[in-house]
Structure formats: C-alpha cells, structure tokens
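Let me begin by handing over the structure; questions about it come next.
Should a chain be cited, it is by its letter among A, B, C and D, assigned in written order, with residues numbered from 1 in that chain.
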Amino acid sequence: MATNSLVDIKKLSPKFQDLYAKTKDFVENDCIPAEKLFDLQMGKGENRWKIIPPVLEELKVKARSLGLWNLFLGKTYAEGAGLTNVEYGLIAEMTGRSKLAPESMNCSAPDTGNMEVLAKYGTPAQKEKWLKPLLDGKIRSAFAMTEPRVASSDATNIELNIRREGNEYVLNGLKWWISGAGDPRCALYLVMGKSDADNESKYRQQSIVLVPADAPGVTVVRPLPVFGYDDAPEGHCEIVFKNVRVPLENIILGEGRGFEVIQGRLGPGRIHHCMRAIGMAERALEYMMVRVTDPARRTFGKGLYQHGTIISDIARSRIEIDQTRFLVLNAAQKIDEGNAKGALKEISMAKVAAPNMALAVLDRAIQAHGAGGLSDDFPLAKSYAGARTLRFADGPDEVHISQLGRNELRRVDEIRAKFESQKEKSRALLAKL
Amino acid sequence: MATNSLVDIKKLSPKFQDLYAKTKDFVENDCIPAEKLFDLQMGKGENRWKIIPPVLEELKVKARSLGLWNLFLGKTYAEGAGLTNVEYGLIAEMTGRSKLAPESMNCSAPDTGNMEVLAKYGTPAQKEKWLKPLLDGKIRSAFAMTEPRVASSDATNIELNIRREGNEYVLNGLKWWISGAGDPRCALYLVMGKSDADNESKYRQQSIVLVPADAPGVTVVRPLPVFGYDDAPEGHCEIVFKNVRVPLENIILGEGRGFEVIQGRLGPGRIHHCMRAIGMAERALEYMMVRVTDPARRTFGKGLYQHGTIISDIARSRIEIDQTRFLVLNAAQKIDEGNAKGALKEISMAKVAAPNMALAVLDRAIQAHGAGGLSDDFPLAKSYAGARTLRFADGPDEVHISQLGRNELRRVDEIRAKFESQKEKSRALLAKL
Amino acid sequence: MATNSLVDIKKLSPKFQDLYAKTKDFVENDCIPAEKLFDLQMGKGENRWKIIPPVLEELKVKARSLGLWNLFLGKTYAEGAGLTNVEYGLIAEMTGRSKLAPESMNCSAPDTGNMEVLAKYGTPAQKEKWLKPLLDGKIRSAFAMTEPRVASSDATNIELNIRREGNEYVLNGLKWWISGAGDPRCALYLVMGKSDADNESKYRQQSIVLVPADAPGVTVVRPLPVFGYDDAPEGHCEIVFKNVRVPLENIILGEGRGFEVIQGRLGPGRIHHCMRAIGMAERALEYMMVRVTDPARRTFGKGLYQHGTIISDIARSRIEIDQTRFLVLNAAQKIDEGNAKGALKEISMAKVAAPNMALAVLDRAIQAHGAGGLSDDFPLAKSYAGARTLRFADGPDEVHISQLGRNELRRVDEIRAKFESQKEKSRALLAKL
Amino acid sequence: MATNSLVDIKKLSPKFQDLYAKTKDFVENDCIPAEKLFDLQMGKGENRWKIIPPVLEELKVKARSLGLWNLFLGKTYAEGAGLTNVEYGLIAEMTGRSKLAPESMNCSAPDTGNMEVLAKYGTPAQKEKWLKPLLDGKIRSAFAMTEPRVASSDATNIELNIRREGNEYVLNGLKWWISGAGDPRCALYLVMGKSDADNESKYRQQSIVLVPADAPGVTVVRPLPVFGYDDAPEGHCEIVFKNVRVPLENIILGEGRGFEVIQGRLGPGRIHHCMRAIGMAERALEYMMVRVTDPARRTFGKGLYQHGTIISDIARSRIEIDQTRFLVLNAAQKIDEGNAKGALKEISMAKVAAPNMALAVLDRAIQAHGAGGLSDDFPLAKSYAGARTLRFADGPDEVHISQLGRNELRRVDEIRAKFESQKEKSRALLAKL
C-alpha cells in the first residue's frame, strides 16, 4: 500500500505517519500473533457470552500506551486524534487485517459510530455518563435499528414504538441483528423507533433514545449466526423491548430527529468498514500467495502458482484491491473536504465496491487453500462471513446502487442541454456545405 | 422441473414415476417440516457428537416403508432399485431440497459411494460384514483420502503409509476433511494410502483398506468447521492413524489398486452431489420469490420484487438452474449409456457448473432476505456453506476445468485436418476465377 | 454435438438423420469453402447492393438438389419438410456455422418467418403471389416493424400510420433496421403499423399489410451498419413510406390483428436464431483450439494453450455452449409438444442465453487470435457483430428477462401456500415436544 | 471528473488548469460538433485513403492557436509542454471523447510514441528530418512491429530480417496491423526487425530502423478492418518489405537495441490509451443517460430508466469508470515520480483494467440504445471497436495479467518470512498458557 502514489503515505502528516507505522507494527506483531490465544481463551458453551479473553484487555493496554486509541475520532471532536478521514481510513485498513485490532485500539463498530453520535449530538450529561466510559474502553454499546418484521432497509418502515408517558419514554418492539449486544460489557443501546407515527413527514416520525442494557423489559433473546459463526462474545442479537422506560433526557438531539442522527452517523463509519474490508482482502491475498508457492504443495508436477488460472487470480485481485482502495479513499477525501452529506455519491460507490471486492478476493484465496480454506485454520472463511454482512450493513447493495444511479441521473439535464448545443453547432457546420 | 421437456418425467418408467412422486411428497411433507425439530433435538456442546435426533430415525422408518430406500444403487447392483442414473438424478435433486432427506432415504454421501465400492469390489466377507449393515442403515461410514500436508487434489501426493507386516497392514498418517467421521454410528473408514511408494507407476502406489472406526490407533482429533458450521453429528474430521493394524483381507480389490477404486467410485457420486445442489438452488429460488413478494416487506413505496434488479435476479436464476440441470442429466444419461469413464467429460462439466450455479442462486436469495438470509432462520446460509464445499469435493474446480480443457483439445487434430481440407477447397474455387 | 446424450441424434427419425448428415456435409464442404469466393464476387461500392455473388445461386441449386430446401417449415405446413422444431433446430445449428448456409438452403431470416406467416395466415391469392416465389427462392422479403422515433421494443409504440381510403390502405411512416430490404431481390415487405389508434385495446390497434417493394412512395433511405458492417447485399435499412397505397386484400389476417400475427411468428424463429448462434460458437471454439495449438505460435517458450487461462477459456466455452444448447432444444421440444405460446417461458430463456453465450465464446476466440481476430481474415468479428444484434432482435434481453421473471413469479402463490403448510406441519411436530 | 478529490484538478498547476479548460471547451464545442462534417467530407471508395477531410486541418489550426499542441511531450523534452503524466493523462481523457480531438491537437497515436522515441533517442539529423515535421503536424508516421506469421505478443518472435550490406540496411519481411500506414500523409515507419538472430541474448537480436514510407520495396498491401471499420484514412495496414534499403544512419539508438527502444516507448503511451478509453466511457455513459430519460422512449408505461436493471447499469458504470481512472492516474503519478520502468506494475494494472471497463460501459450504452446503438448514428459502436483493439495493443491482456501476477509474487518471500515470525510469536504466547 505504501507504494500507491495517488495517496502517498510519505506525504501525509508526520503525526499520521508515526501512528500508521505504530499501527502496522501493533497489528502485525501483536494482534495477529494473539489471534490463536484469543480463540483458546474464549469461553465454552454459554461462557462464550460471558468471558472476554484476557489477551484482548492486554492488547488494549498496549495499544493505549502506544497512543493507538480512539483514532477514529476526527478533528472536529475535542476528544479526537485529529486525523483526517483519509488518514484514519489508511489506519482502518491496517486494523482490518486482524479481528483483534479494531477493539484493541477502541476503534471497533458499533462503538465508533455511537461515540461519534454522543460526541456530536450528546448533552453534557449524556457525554459524562456514556461517552466517557466508551472512550475509555470500559463499556461497550450497540445500535438498535434493524427489525425482523419489516423491510428495514427502508428505515421509515421501522415499527418499535416510542411513547412519551409523563417524564419517560416507553419502548415496545422487537429488534434483531443488534451487533455487540451479546457482549457482557455492552451497557448501552441507541434505539431507533417510531415516536410520532402520524407526522406528515416520514422522516420526522423517528427518534433515537439511549437505553441502558440492564433496563427492565429488555431481553436479549438470542444471537443470530452469520453462516455458522455466532461472533461471540459480541454477537448479533435479537432483542425484545417490553415496556422499557427511560427518562426523557435520554433522547438524542430531540424527538423526531432520528433520521438526522443516522444520516450524520453513517458516512465515516461506512468508510471504516470499507477500509477494513480492504485490509481483509490484502491479508487474504498474502495467504493465497504464500499457499500457492508452498514448495510442499505441488500437483501434477507443478507448483500451484504455475497452474492455469492462479496467476491470473492473483493479478486480478491486485487490480481489484487497488482500484477499490482508491474509490474508498476518494470518498474519505471528499468527506474531509466538506462533509459526509456532500460525499453521499462517493460513499455509496465505496460501500458497494469494497465488500464485493473483498468477497471476490477472499473466495479466490479460499479456493487456493482447498477445503482448509473453509475452516478456521486460516482467517479466510470467517473474514468471508464478515465481509458478506457488509453487503447489508448500513443499507444493502441494492439501496446504494439505486441511490447512486439516481444521483448520477441528476446530471442528465445538463448533459442533454450540452448535446442539443453540440447538435446545433453540428448542423451549422453542415449547413455551410 | 416436471415441465422440462428434454427430460420429461412423464415419459420415464412407471416405477420411477411412482418413486419420484413419493420422494417429492416425503421431502416436502415429511423432511422439510421436520427440520426445525431436528435442530431442537440436536445435542448441546459435546452431545452434538453423541446424539442423533430421534426424528431422523423416524424419517428413516417412514422412507423405508415407502420403498424410498437405497435408491442410489443402480441396475448393476443386485441390491439396487434398478433406477438409471438419470432417474436417480432426478430423485437426488428432490432430496437436495432438505438436509434430512438424503440420510432418511439411506442415500447420503459418503455412504453411497462406499456402498458402491463394497458392492462392486468387495469380497463376500467384506460385503457381509460392512455392506449389509450399511444398506440396512444400521451403521455409517467415511472415506479417508484428503490430507492436510500435501496438495491432495493430486491424489498421487497422498502420504499416509500402509505397510504390510505379517498378515496385517499397518497404517500411519494423518487425514482431514473426513466427512461423516464424527457420527457416533460411523463404524468404518475406507482409507487410501501409499502401500508401494517405489512403484514406477504413480498410479499403482496407492491402496484402499477397510479400517474399523474403533481400531486401536485411530484418533478423531477434531471436526473442521465449514464457514462456522461443524455439521454435527457427521462432521468433517481430522483423524490420526498411528500404527493402526488391520488384517490383510481388509484390502479393497488388491494392493496398488487404489486409483482404480476411486475412479470407479466417483462418477455417479458426482452426479448425486450436482443434482442435490440443483435441488438446493430450486428451494432457494422459492424462498427468494416468497420473500420479495411478501406484502409486509415494501420499501420506498414498492414491493421488493418491483425494484431494480430483483426480477432480473429471479429470471437469471431460472435460466442458470435449468441449463445446469440439463448438463447434469446429460452426464447421467451418458453414464447410463456406457459407463462413468466414458462420461468423464460430461461429468467434469456438471461438476464445475452445478456448485457454482447453486452458489450464485443462493447468494442472490440470501441478499433478498437481508441479514436474516445469513442466519439459520432460513436454510440458505447453511446450504451456501454446503455448496461451497462442492467446489473442492471430489476434486477442485481447477482440476476439472483443466481436465475438461485438455479433453476438449483432443479434437483439435481432426478439426485442423478439416480446416486444411476446407482451405484447399476454397483455393480450388478461387483458382477458377 | 452428436455425442450429447439428452438429445441423441441417433435416436431421431431416419429422415432427420439423413437430412442432418447431408446438411453437415453441405455446410462444411460446400458453404464454408465458398465463403472467400463469395466475398470476392461481392460488388464494389454501390454494386454491393446490386450484385448477388453467383456462387450463392450455385449453392442454392446444390442444396435444393440434395433436398436441403425449406427445411424450416414444420409439420403443420403442407409445403414443409415435416421436421420437428428439435430436428430443425439441430439443422439450424449446423447452418449457423457458415454465413452462406441459411440462404443457400432457403432457410434464412427474415424470409422464414415471413413464409410462415403467409403459410399460416395468407389468403390463397396472397400465397400464390408471394409465398410461392419465396418458397421457390426466387424473391426475398422483409419484415418492417422497428421504428427510430419510438421505443419499439414495446410494439404498442409503433407509429407508422395505416389509413383505410376507399379500397386501399395508405401507409405513412418511417421504419429502420429492416433486414434484407437492401437486397435487389427483395420484393415484399410485411409492414406493421397503426390502423386504429383509438381502439381501447392497445393490442388491437395494429395491422400488418403486404407492401410490394416497388410500390410508389417507398424509399429505402440507407443501410444501417452493425459495428461497421453493412451486411450487403441484404442490409438493415431505413425506409420511408410516404402515401404508399396497397389494395385492401393485402392485409394479413384482418385489421387490428397485427399482434396476433407477430405472436405467432416469433416463437420458432427465435429458436432458429438461437441455434445458429450456437453453431457460430462451435465454429469459434474450433478456430480458437486450432489457433492456440498452432506450433508456429509459441510465446515465452510455451504453446499458447499452455499459458494461464487459455485452457480454462476453452473448458468454460465447452460448458457454456452445451448448457445453452440444451436450453434451446428444450424450448424447441416444448413447442413441439404444444405450441409457441405454451413455450413462452422456455423461449425467453433460450433467447436471453444463446446470444450472450455466443458473444462470450466469440470474444474469447477473438482474443486468442490477437488483433487478427478482429479482422475478416477469420469469421469471428463478423459473427460477433451478428450475434450482438440478437440481443435486440425479436425483443431486447431486458424485455425477455423481465417477462421471464414475472412469468416465474406466477408460481409464487402456490409456493407460499406450500410454505405455509410446511410451517404448520413443523409447528405440529414441535408442539409434541 | 472535476469533482474527484484524490486528483483534484483545482490543486494542479495553473498552466495545466488553463490547458485543461481550453481542451474541454475545444473537444466539446469544436471537435464533437465537427464529427458529422468529418464523416461527410471523407472520400468515397478508394478516395477514403486519399482525402483528409478539410475540417480536420481547420481543427488543427485552431488547436495550435489555442496552445493545445503536442501536449503529450513531457517535461523531459525540450519541445514539450512540460505537463506531468497525471496532467496530460487528464487531458488525454478529455480528448478520448471525440475521435477528432487527438489528431487535432497533434497528440494521436502512433505519432506520439514515435515522436517520443525520436526526441529521446534520435540523432540531431534524425530529429531535423523527421521529428520536426511530426511536431509540426506536417507528416504522420507508423510503428511497424506486429507480424502475421508469429505470435508477436512475444516480441522476441519477430522475424522481419534486417541485414547490413555496405552502408545500408536491407529489410525483408511482412508486417500487419500497422496503424496509420494508410494515411496519405504517413511519411515514416519505425520498423522493428531481427538484425542479429544469433545473438545469445534474445533481447539483443532486434533493431529499429527508420524507413521512409516511399522507399522502394515497401508495399502497403491492404488495410485490415476492425469489426467492419477500416478506420480510413489512417487504417491498420499489412505491409510487405522487400529488399528495402535505408542508410546505416537510419538506425535508432544502435544495432541490437530494439527492445530498449520499445521499453522506453510504451509506458506513457499506454497511459494515454487508457485515459482516452476512460473518456470514451464517460461519453458513452452520457449517451446512455440521455437515452434512457428521453421522454419519447417509454415502454410498458414507464421511462426506460425506471425499468429493472438500467439504473443499476448506470450506477455500476459510474463505479467502474471512477475506480479505473484512479488506477490509471496512479500509474501516471508513479511514472512522474520515477520512470516508466519503475511503474511497470501500475501500468500493467491500468492497461488491463481500462479497456475492459470501457467495453463494459460501452456495451451497456449500446444495449440502452437498441439496435441503433450498433450503427454509426451514435459514436458507441465505433468506440467499442476501438476499445476492443486496446485489449491487444501494446500487449494482450494475457501478457499483462501474467506479468502482473508474477510481479506481485515477488513479494512472497517477504510475506512468508512475516508469517513465520507471526507463527513463532503465536507459539510463544500459547506456550505461556
């Protein structure tokens, strides 16, 4: 990556370069070597949801001591490291290489997005109570939006009911795919629901409220597996909210402003996901290359890499990774130059391209490993499962493709006018014949 | 499927039609409704490998009473139902719809291939001891070929050592991805190993011996997960063979004849896999269609099926399923007309096409279900994992593609001669100008 | 092809087998060797549209003497050879190998469809005047439907005006892509236009009338090129109809019955196109295989076929050709068993699959030939251009995909009911727990 | 494009910005409107190769007066405009939108590469005689490398014989696909041939000599069409060299240094091709968007853009164009930072990605136009033909893919070492358990 010229790491700020080098070292020499130990320290059976492997807390201590902490928080936040989205994007790519890196550096979803929301929209009291321990890595959090009974890729469909009653909100409804809610340290949910179903604007019917995970009426029903992975201890959970009561001051930004909050939340987070997917793909390509050149693995008299389509798969992967990285960094740069709203088109492009690219590269790497590639002896299958969820997370491909297409079509009147003018000039030239 | 004309079910034998109709009814009305119960009856923790859900045995009783038993065994076997490969292929497609159907009908891999081997090459004593209980559904079996330390897609690389010592063979080596070996009922392994490493023909160095699962020195080390699924109770296991001793009469067909056995074994089995993959794809398409027309799931003012690419995904899936089915049935027909060896090309084509098609259709169906499609609330994600293994099972895509390409090139001399003759005729015509 | 088992040529009627063998011999030994002579005999400049290369008439004489004449006309026509659609489909595949074969055997579009229309719907007088010389190969014809100013993939948009005036119809309008209209022998147009714009049914507004090519008011404006090919002498022409008058008896079937006619016309013709596309693809694959094994063409120390992806391209082409052929023959068989209307779904599948497959195979063959593959030294580039038009001819891919998808969705209520019943059975089983 | 952030035009040099704005205006308002006039001014029949449409010379005059002349020549050349490769790349993209723009600005292949060779390696006399009139736009030139009888994608196969005889070189051989050789203004060929077949290094056997187009013994045999386009007046020609004699001083750089010359020549030229392909794709996307929103083109009650996959095609095109542009500009930037040799990998990536992307976008645009898209009423079909040649020009995809894959594998030892070190660290951690 350091060799890409359009985004030349050597030209970025010295602060970034220092953090980037440290991150690289930390990921490659601390996180990746700790992955097997983490797996062994995982609890068995129900304990999978109760025990946090100690090595993770050790990595957190080390990361923090190195200054690799909360790097995701950009310039606009007092608490932040002051990195641009491009700079943090490059760091996120690096952390995408190891499943242990993001949390070790307190940069893992969904906490990052939740911390951004609290930092941006939280009241001083909300910040004190929730943002502080989150920034400290003491607690974790979840974002509860998706519901099983409606097509929640259109968020206006969301049904969880938020009713004002005296000085409390009362929540009733069902959520699922709430990532992180299985973690014993998860103390806070940001819950999106319908607080004003009759509002004439579909985009003013929703609110987001803060719900302590231990609030009466909250029941985590079950974790949902991704392919066969339960992703313990975080998990992706189904949660029932039954007459859950929270004080009115737990609202974020104000009633009816749920859409405003999620719009503000999603831009940079999508970039992080995309860049981590690129990191996954780079690691997968490394695994593939090491495998196909393994002198012990020869078939029909040749090294695997000398057969048919393997070299071509490597070359295509190289192309696809690099062109996708540019697309994502471009979106990051666009956010840096303005804001996430102005970069909607670029973010959509990145959001569609990166997970699909990662899946293609991972699938080739799996294939090069034989059946072993599907097991957990290599990080490929789990990465595949993770990358597959990204085609839904923060909106399915279809929604982004459709928005992007319509966005692009906004140029069409201008183009049509240009075409008309060109035709007129053409006719004028022909008229002289 | 009944509407496809090239292979019109109504024109096949009345016996087949009866069995086909019964299979369809059994799969749709017995197996599929029992799937959730099966999951609930599964053991927890270590018991996953010890308990066989009772509903499975009930289904076996019912299938057997309906005559839906051992249908895979073709005409050439006394014990068989006398179905052709095309006929059994169509039944296998039907069984591919439910994970419970193949075993319920005693038609599940790897038992089917093992029973074929025993029926074809077994001595009377081997048949009595192993084939009989297998045909009876009393025991299960595994086929131990793949090894972790070599590229075993080229079977000449296999290293497990088979040494003759007195009136015994002594086996030492390591196998993995031994499907079915986790099952408490698995009583027999067919083990491929190197018995004559110095034989000048690479294809005469291997033998296959029968090893009781409880033989001293056999250790099932662990099950290997497929995308997080352990596929308990069968599992895909790593097994150590350490000084495992079996009597000389446990050899199949004779020393050095391992390749002969696996060649004979693989043809029809590949057809079964492919047809079951088609059944999976058909069921996935049904799920997709039901989902996208669900009146409760509307986004942005439209039903899902009215959006963008969904209709196109359905149409393409229909095309891909149908053309793949023809390819597989064609290979089955080719085997029926001669033998598996003569149908090598057709089998390779089917073997490459069917799993890749199924994966594409399943992936679209998953996408149409949102994140839920990746969970076990629907049969899609697990089917995807299963279909993904088929791109390795019985040889990876790459090996089949390469064999097929070289096979096709055998025609080239004849074509070149035709081209030369055409050019000569062309020159003769021009000469008259 | 003779080796495909699902459609085993040896099992078809002896009459077919005789015609098939003769066709094969005629195409390979007469048509293909005559291609270069045909090119040389083509006129230069404006003469391209005036001269029919003599070798074509010689080939017609030979084909007719062999009984290879009007084979497209099926059993239902007195004039026909009595072949089924499957049988003629196989013959059409063979004729697709040479650009000279279809017309030599009086089996080329659009004459075939026009002859079918006249045979099926023509009055005795229409048959005598137009069908007879067409069947005789004395004249040629065109079908004038597509218009430049509307989206004529939806035929209800067609605007050419047909006005009844006394005992005449008066035609005014513009058509383009009228294939065959450039041919000096083209004597007849079947013209679709709007005769009753106010009819409440959009499908009753259109009529088809017979227009002699030399009728006053008809002007062939220009041929339209396809990727630079003008396809002289037939051409794909733009035609102005200005106050063109024909007698009332020139109507086909009756006023307002245009849709009825085109529905009846298109089914078998689409099969012919598809099968010829398969023939093109087979010939392209032959060219590719001969090229990559050419001993004079070695790069970097290896034969081309020993490099990377070439073998894979050959293997994939083999798979794609075969599975597409089955799809098309299946549609033909479906027509044979009922009629084109009942085979709508199968025809759509074939119509989408075959041209796209042919383009993929042709593109690989071109690539294997280097730049030469794009020239006319090989038949590949012209075939590519021809196959590319098939993605529009008789409806663009998009229309077929959309129809097919909606057609498939008609099953959804039945599937949903099945799912509900399965869920109920499942619940009943769980209730016993 | 101006909105892409990674390469923000507003941050590039003011000189570039001025030239870029002028180029854009010139292309959109002068070149594109002149395209139809150019076509009408083309000669007919043989005159296609004799007449240069006057409008082209008028455009050249205008471009030169605007300072839009020889912009391709970079900083390192005294004659150059001093633009970086990134800067000129962006201008090349703009010129790729109109077939008239590159030559109007004296920036068309193969002259650009030839001028670079002469500027870099030419003697003062060679420069005076050939470079000067080329820079002046008075003559044109060709580069004669490809041969019909060998696989010239491996340039060591080239066979044209260059024999030293007294103070002359004598050339004998056959070339084809010599672009530009049909142009009546083409005065010079740079001919690559074998001057020392016995040299032990395969890469020292070739030389390049300057051959006046009117040298005795040179015969332009025929133009080769691309699909059906002859690309007159430039053409892609087959040329016989029969005892062609040139003085010894016509050698470029020295005997046996042919490879050195072509290596130096190809880097930037490939970038130009790629960027022009991107310009083609952008224009195609504009055509597609205007077409599918044309209010006159509605089918089945909807605008085309409201149907199924059209929006998705637009969105995917947007993604593919943008990510490819970044890849190409990255290669340009890499050249700017060092030299073409150091950017070999990046150039290969761009060279594979850009033409394939352009073909995909063009094909979708063609499809959206119906059959008209294949004609010359729109610039799409001709652009497609042009872009298709780029998959061969300067090396076929396969060669670049293979080089890129092997290039990437050079990293593998380092990665393997890293993996080993990580495993060791992992084992050390586990040992503490």
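Following the convention adopted for this analysis, contacts are C-beta pairs under 8 Å (C-beta built on N, C-alpha and C of every residue); 3 or more make two chains touch, one makes a residue touch a chain.
What you see is a predicted model; the values in this text were computed from it and never measured.
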| note | Between A-C and B-C, more C-beta pairs in contact link B-C
| remark: If CA atoms of subunit C are superposed on subunit D, the rotation in degrees (nearest 5) amounts to 180
| Where centres are the averaged C-alpha coordinates, which chain has the largest centre distance to subunit B? | D
| said: Report the inter-centroid distance (CA atoms only) between subunit A and subunit B in whole Å. | reply: 37
| request: Using mean C-alpha positions as chain centres, tell me how far subunit A is from subunit C in Å, no decimals. | output: 50
| said: Rounded to a whole Å, what is the gap between the Cα centroids of subunit B and subunit C? | reply: 39
| query | In subunit B, which residues are in touch with two or more of the other chains? | reply | 308-312, 401-402
| request: Using the touch rule from the top, collect the residues of subunit B that touch subunit A in their complex. | output: 44-45, 146, 148-154, 157, 176-177, 224-230, 236, 296-300, 304, 307-310, 366-367, 370-372, 374-377, 381-382, 384-385, 388-389, 391-393, 396-399, 401-402
| field | Of subunit B, residues touching subunit C in the complex | value | 4-7, 28-29, 32-37, 40, 55, 285-286, 289-290, 293, 305, 310-312, 314-316, 318-319, 322-324, 326-327, 329-330, 333-334, 336-337, 346, 348-349, 352-353, 400-402, 404-406, 408-409, 411-412, 415-416, 418-419, 421-423, 425-426, 428-430, 433
| note | Residue set of subunit B touching subunit D in the complex reads 308-309, 311-312
